[in-house]
Every structure is written in structure tokens, then in C-alpha cells.
Amino acid sequence: MDAVLFWILAGLSVVGGLVVITGRNPLASALALGLVLIAIAGLFAMLSAHLLFILQLLVYAGAIIVLIVFVIMLLDLDDRRLGEMKIRWGRFGVSAAICLVACVAVLRGVRGLTGLREPVHASFGTVTDVSRLLFGPYLVQFEILGLILLVGILGAVVLAKRGG
Amino acid sequence: MGEVTLGHYIGLSVVLFFIGALGVLSRKNALIVLMSIELMLNAANLAFAAFARRWGQVDGHVVVIFVIAIAAVEAAIGLAILVGIFRNRQTVDLDDMTALNE
Amino acid sequence: MPTFLAHAGTVVLVWILSLSLVPVMVWFERKGSAYMQDRTGPNRAAVLGIRMGGLIHTIADVLKLIFKEDVTPPQVNRFYYTLAPFLSMMIALLTFIVIPIADDLEVGGHLLHWQGLKIDAGLIWIFAVTTIGTLAMILAGWGSNNRYALLGGMRSSAQMISYELALGLSVIGVLLVYGTLDLNEMVRQQGELVGGFLPKWGVVVQPLAALLFMTAAVAETNRTPFDLPEGESEIIGYHVEYSSLKFALFFMAEYVNVVVSAALTVTLFFGGWQIPWLPTPVLEANATSVLLVTCAGVLLLSLALAMASVRWSHRLKQLYTDARRREGDFWTVVLLLQAALAVLVAIVVLANPLEGLSSQIFARVAQFGAFLGKVTFFAFLFIWIRWTLPRFRYDQLMNLGWKSLLPLALLNIAVTAVVLRWLGR
Amino acid sequence: MKVPSPRLRWYERIYLWEIARGMVVTMRHMIRNLFRQREMPTVQWPEEPKHLPVRIKGRHRLTVREDGSPKCVACYMCATACPARCIHIEAEESPEPTIEKVPKAFDIDMLRCVFCGYCVEACPEDAIRMDTGEVSIVSDNRDDFIFHMDFLLRGSGEEWKKKRGRPEPVEEDEDLSSPPDTPEETRDGYRRRERPPVPSSW
């Protein structure tokens, strides 16, 4: 059961990832990215990371994908501009070869990793569990994160305003 | 199918990371580069969550939350910059953005 | 595995519930609006002369929408165009599964949760899924390749995003009060009493949040006075290019969304499955008497309606010559049977009173009935609002969302936090 | 022109009170209509007759002389005046010496007719009228909508009289400026009739 689910989600995310980087139309890429993100959310759920599962859906699949799709529509890329965005297959091939070699190298190292069968305590990864850490040892970092978000909002507003 | 171990998750994470890296390296469309970066961040998130599960400690989840938040900020700022560039230069092609080079 | 099966069963149950409430909603919408506007409303379609006050029209509508020609305009982007209605319906259905419909039940050592997805962050799940709903609208607008549809899609997604903020922030006050994101736990806490007589419902402890939430929920479901995304007659919405079953999916998704919003309002602010002043243990202990009172009520109501039905039947016979003249007789028989059933149940219960598991099961059924009743009321409230208020202009809509609801929600959070601190929690 | 908007009180500006008032209004209507359905203004046609003005332009009929022959002299005035071109006339010689022509065929295509009444205005012989009061012309067959002369004439006979519910108004020297035989109580232009009970629903 778990294995079947894992391979389905893994297959979806890899195929989606390939569509993201080879898609001609950015909208196709964005939707494929949404698929990948939802698949990864599913993997989070399998890793009993409840909070991450929902946050992934909320922030990534919900907010970021919608933002990207919005921007794609605002940019109004017509067929002419999309035509200029063809993939340079030469460059793509060289990069792909480098990535493939690196990927295989790392995967060989990964092969030895086992485990994951050990049961975790019932409340693992729940909101209470994570927030106990978030508001305990990581409080300062969490507050800084809030600050970064604020700066990000202000930055985005300033950038968007100045352009117009 | 066999049993799913930590290696499977990390392997998937590695594959996704390199797919993202390939996108960043080979594409010129700034939007797709941005999406590839999101892909790489997600691969890292997956590894964090898998290790957290393996060692039974939720610290990994905290890091993932940080990454998600940073990714949101990055997407917002990146897209805002992109819209700004598009307004001025009518293109989102990274190879055309060579103003400092000339 | 039994727990899994129970969850799957609950998911199917709530889906059937939400989908079967759709025709009822359409019926409310058409008949209710007709009576509010001094019209008669639909009263023609009949099966064997049984019109059920126009409810049969809904079936006729569904048949019409299914068998209509599915026109796909040539200029559309076929994939996105087809994906959008299905996505919209899927998301509407996904939202419902975290809402608890009755208290947990322990059977044979297994704790059965009457909640399709038992998740401790249930509230965030709802926001996570509804956010994706925005995508369906954008896709519908963009995939139609029609500028009016695109503008409609952009308008509606902008509205959804704006009101999602108010929606999310208005709930934070409730979170602070109950100290949990788990919807079932929230409902359980709403069974307590405040000051000895008022049930500790969300609306009692967080009135402002309830108001804000309901306003934002109406906006989220794109209904009047916030129905600019559709704007059937004046400004064209994102589903202009859709016809037949694809349109029906959007249409049904809207009503499922209304049901979900009503269910969420009930769960957060109106006690969910709680029957006021009857928390689960009390209900289980007094199952027999509650059932008897219910039987008595059903008996009296059926008899009264049967009397009205006899008079009505007399009039029908003067008026019609076709099968419709027998509708009154049909209802009289049905109501008398219902009364007989109530008497029968009462006799059986008097002979062997409910106790143990049977009383527990009765308590769950009664709670589910209470939940259903509340949801139906709030769904009707949405329709009532729709036929009362005129539509907002777009700038008014944005002003209300950003300049009124959002600051008020923030204020509510601050005040709630201060008060809770002061109360020492 | 600038219309000053009224100054709202504070309770009007937060809308809630006004929304509640509006909702009370709609609910009052709904409850009243739910329990007193027979007072609703909706006419349950066709179970219940529609109250039409007496002078409504309905289906055409051809008037007849005292001997039963059509008054029409096949002058084509009506067909010429018809903007919808729905009147088709074929003429033939009349056997009577004082009349030049009579119609052999007189067809009206009701699917094209726009009920403008120009044919009635144009007729010099008062041979065509639209005073039957029949406005619902229903069939599931296109051929049925082409009304032939015999039907248009027969419409002025017994059957039509029954439908009209009042004596045949055709008189040689009648004053056409006012509707014939109008009882005093229907001078407001509407026929009063006992309304049968409206079908109610649950």
C-alpha cells in the first residue's frame, strides 16, 4: 500500500518536474509545478508530517502557484514571444549530461540509507508538536522569519508601484 | 515494489533537485527559472521531512516551514521584479538582460 | 483497517450529503426567491402527478443540463477549458471532508470519527483547499480564450484572494478561544455553557468574528451581494463559454460551496453537531426520552399537515383533470404513514428503552440531524441574503474587504488576545 | 445633474441594521405568500383564464354577410398593408352582379403574423377583424398555423360565439369606435370573472 502510493507520487512528481523544465508555454509549466507540489504534499503526508502537508497545499499549491499564474497572465506572452523562448537543445543537452552525472553520483551515495520503518509517536508532526519547537527553541528565528515576510511584502509593493 | 526506505525518499529528492537544477541551467525564460528554483527548494524540503521522520525529531519540519516561508517571499519578490523588467523591456528572456554588460 | 473503512464511509456520506443538498438548494433558490418576489415559482414538472412543490423541476433541470449539446467553442484551449470545471467541483467536494458531522463513537475498542479526514489542522485544510479553487476560476477564464471570460476570471480570483484574508483572520479569534485547529475538538468545546445558561457557541464568545466570517464566506462563494464573478446579466463572468454538463459542474460547485460555507459557519460559530443544552453524555443518558419527544413532535406535525393536505386535495380535484389531482391524496397517505411510523417507534422504544450502544448510536444520529438542520438553515440564509440585497460595485467590494473586514478582523484578534490574557488563560 | 447623497446615520452606515430590516421585508413576503397562495397575483394559465382587455388584437376572423358569404371582395388591401406579408389571397369572379370579386383562397400564416392590425385598418369592407380574443394559438405542427378561409369564416360562427361568451357583435351599422355590447362593469377594459382556485403547492 505504502510502496504503491510512494511510486505513484514519485512518478507524478518526476514527470511533472520534467514538464516544468521542458514546457514551452509557462502556463503549462506552472500547472505541472502545481502537480509536483501536490505530489510532494502527498509524500509529506506519508512521512506523517501533517502540518507540512497542509502548509505545502496552502502556501505552495494555493498561494505561489496562483501568484505565478496571475503573473503569467499579466505578462501576456503572445505566440511570437513564446516562439523566441524555444529550448536551446545544445545547451540543454550539455546541462542535462552534467546533471545526470551528478545525479547518479549522489544517488549511489544515497543507496545505503535505510530505515523509516520505526514507528513515531502518535503526535509526530502535528500542529502542537511542531509549534512546541517553533515557539520554543526556534522562537527568535521564527520572529525573524516574520520580519522577512514583512520586508518581502513591502519590497513587492514598492517594486510593483515604481514600475507603473 | 518492495519496502519504501529513507533511501527512496532521498533518491527522489535528489532526482527532483537535479531536474530543477537542469531547468535553472538550461532555460532562458525567467518564469521557468523561477519555477525551477521552487522545484529545487521543494526537493530539499522533501529530504528534510524524510530525515525528520527517520530520526523521529520534528526539527526538520521547522526548517521546512522556514523554507516554505522564504520560498513564498522569494516568489513574491522575484515575480515583482519580473513584472518590473517586463514593463521596461517587454521581455522575460534572461539572456536579454545584459544592461550591465554593455 | 476498520478505521480506514469508517473514514472512507464518512467521506462518501458527506459527499452524498453535500451533493444531495444541491437540488434542495436549487429548490430553495427558485421557490424561495419566487415567494419573496410575490411569484408562484416552478410548479409544473411532475412525476406521476407528484410535484413536491417544485422539487421535481430540479430533476428536470439536471436532465436538461446532461442531455444538452456540449458546445465547445473552437478558440478555446481544450485542456484547460475542460480541466477547470472538474477542478472547481473537486475542490468544492474536498473541503467538506474535514467537517465533523457527529461526536466520536467507540465501538469494539475502535474510536470511530464521524469526520472524513481526521486531521488536527482541519481548519487550515479548508483554507488550503479553497485557495486552490481560485486556480479553477483563472483557468476557466483563461482557457475560454474570450476576453470577457478572462476579465471575469481575473476579477473573481482577485475577489477570492482579498476575502480569503478576511476569512482567515476572522477565524483566528475563534482559534484563540478554543485553543485548537481541530474542528471536532472545537465543536466539543462548544457543548459547554457560558454563565450557566448560554451554550458556548462561537457566535456567543466571538460575535464580531462570526459576522466577519459569514460576510467573507458569502463573498468566497461568489453569491450576491458579492456575485460579481458571475454577474449573470450585467457583467459577464468566467463561465460564459461553458454549456451543458461543464456549466452544470460550475453551477453545482457553487451550491456545494454554499453548503460547505454553511457547514463551516455552523461548525465554527453555531455549535456544529451539538444540540444545545444536551452534550453527548446527557444525550446518551436520556436517549429514550429524547426519542419519545421527537416521535411526539413528528406525530403532531404529520397529523396537522395531513389535515391541511386533505383540504388541499379537495381543491386540487376541482382544478385538475390529469394525474395532478391525486397529489393531495398521495401526501395525505405519506403523512399518515409517517405518523404511524412515529407511533410504532414510540411503542417499540417504550417496550425496550434505549441503552448502551443503541443509545450511543441514537445520540450520533440525533447530532447528525441537528447538524443537518443547522446547515440547511444557514444555506437558506445565504439564499435569503441573495434575494434581499443588491449587488456591490467592484470598488465597494474591494473597499469593504480591505478597509472594513480586514482591520476589524485584526482588531478582533488583538482584543481577543488581550481579554484571554486578562482572564489568565 | 448632481444628486446629493443622503447623509446616513451611524447605524445606517454600518449596514447591519438596514440589512436586517431588508431581510425582514423579504421574509414577510415569503411567509405571506406561503400561507396565502391564492392571493398571489400570478395567473395559473391555462387552468385559469387570462383577463384580457376587451379590445385586444387576437386571431383574425373574416366577417360574413347576412347570407353567409364572405364580405371580402379580394381587393388585396390587407395583403398590401401587411408588413409581415402573411396574407395570401387568390381572387375569382363573383357570381353576384353587384360584387366584382370574391376570394377563392384567403390564407393567413400565423407564424409570420405580427399582430399589428394593419390589415384591419386597411380593409374597406370591414371584412377582416381581430376581435376574436384568441391570443394563444398553439400547435405542434407548422401546417396548423396556416389558417385557411373556411376556418377564418367559421371562426365567426357558433364556436367562436361560445368562446367569446357574448353575443355576436356583427352589425351592419355598428359604431366601431367603441367595443360592441360591452357591459357597464367592464368599462375599465377588463373582463371580471370569478377566479377559480389557484393550484397551490407545498
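Some notes on this structure:
Read from first to last, the chains carry the letters A, B, C and D; within each, the first residue is number 1.
Convention: a residue touches a chain if its C-beta (ideal position, glycine included) is under 8 Å from a C-beta of that chain, and two chains touch if they have at least 3 such contacts.
Please read all numbers here as calculations on a predicted model, not as lab measurements.
When the interfaces A-B and C-D are ranked by how many C-beta pairs touch across them, A-B comes first.
Note on chain placement: the centre of chain A and the centre of chain D lie 70 Å apart, centres being C-alpha means. Chain centres here are Cα means. That of chain B falls 39 Å from that of chain C. Put simply, the C-alpha centre of chain A and that of chain B have 6 angstrom between them. Mean C-alpha position of chain C lies 47 Å from that of chain D. In chain D, no position touches at least two other chains. Among the residues of chain A, those touching two or more other chains are numbered 51, 55, 63.
If you draw each protein chain as a dot and join the dots that touch, you get a simple line with two loose ends. Taken in their complex, chain D has these residues touching chain C: 16, 19, 22-23, 25-27, 29-30, 33-34, 37, 40-42, 44, 47, 196-202.
Those residues of chain C that touch chain A in the complex are listed here as 80, 119-121, 124-125, 127-129, 131-132, 134-135, 138-139, 142, 150, 154, 157, 161, 181.
On the side of chain C, the complex with chain D involves touching residues 32, 35-40, 43, 51-54, 211, 312, 315-316, 318-320, 324, 331, 384-385, 387-389. On chain A, the positions that touch chain C within their shared complex are 27, 31, 34, 50-51, 54-55, 57-58, 61-63, 65-66, 69-70, 73, 126-128. Residues of chain A that touch chain B in their complex: 2-4, 6-7, 10, 13-14, 17-18, 20-21, 23, 26, 29-30, 33, 36-37, 40, 43-44, 47-49, 51-52, 55-56, 59-60, 63-64, 67-68, 71-72, 74-75, 77, 81, 84-85, 87-88, 91-92, 95-96, 98-100, 102-103, 106-107, 110-118, 120-121, 124-125, 129-130, 133-134, 138, 141, 145, 148-149, 151-153, 155-156, 159-160, 162-164.
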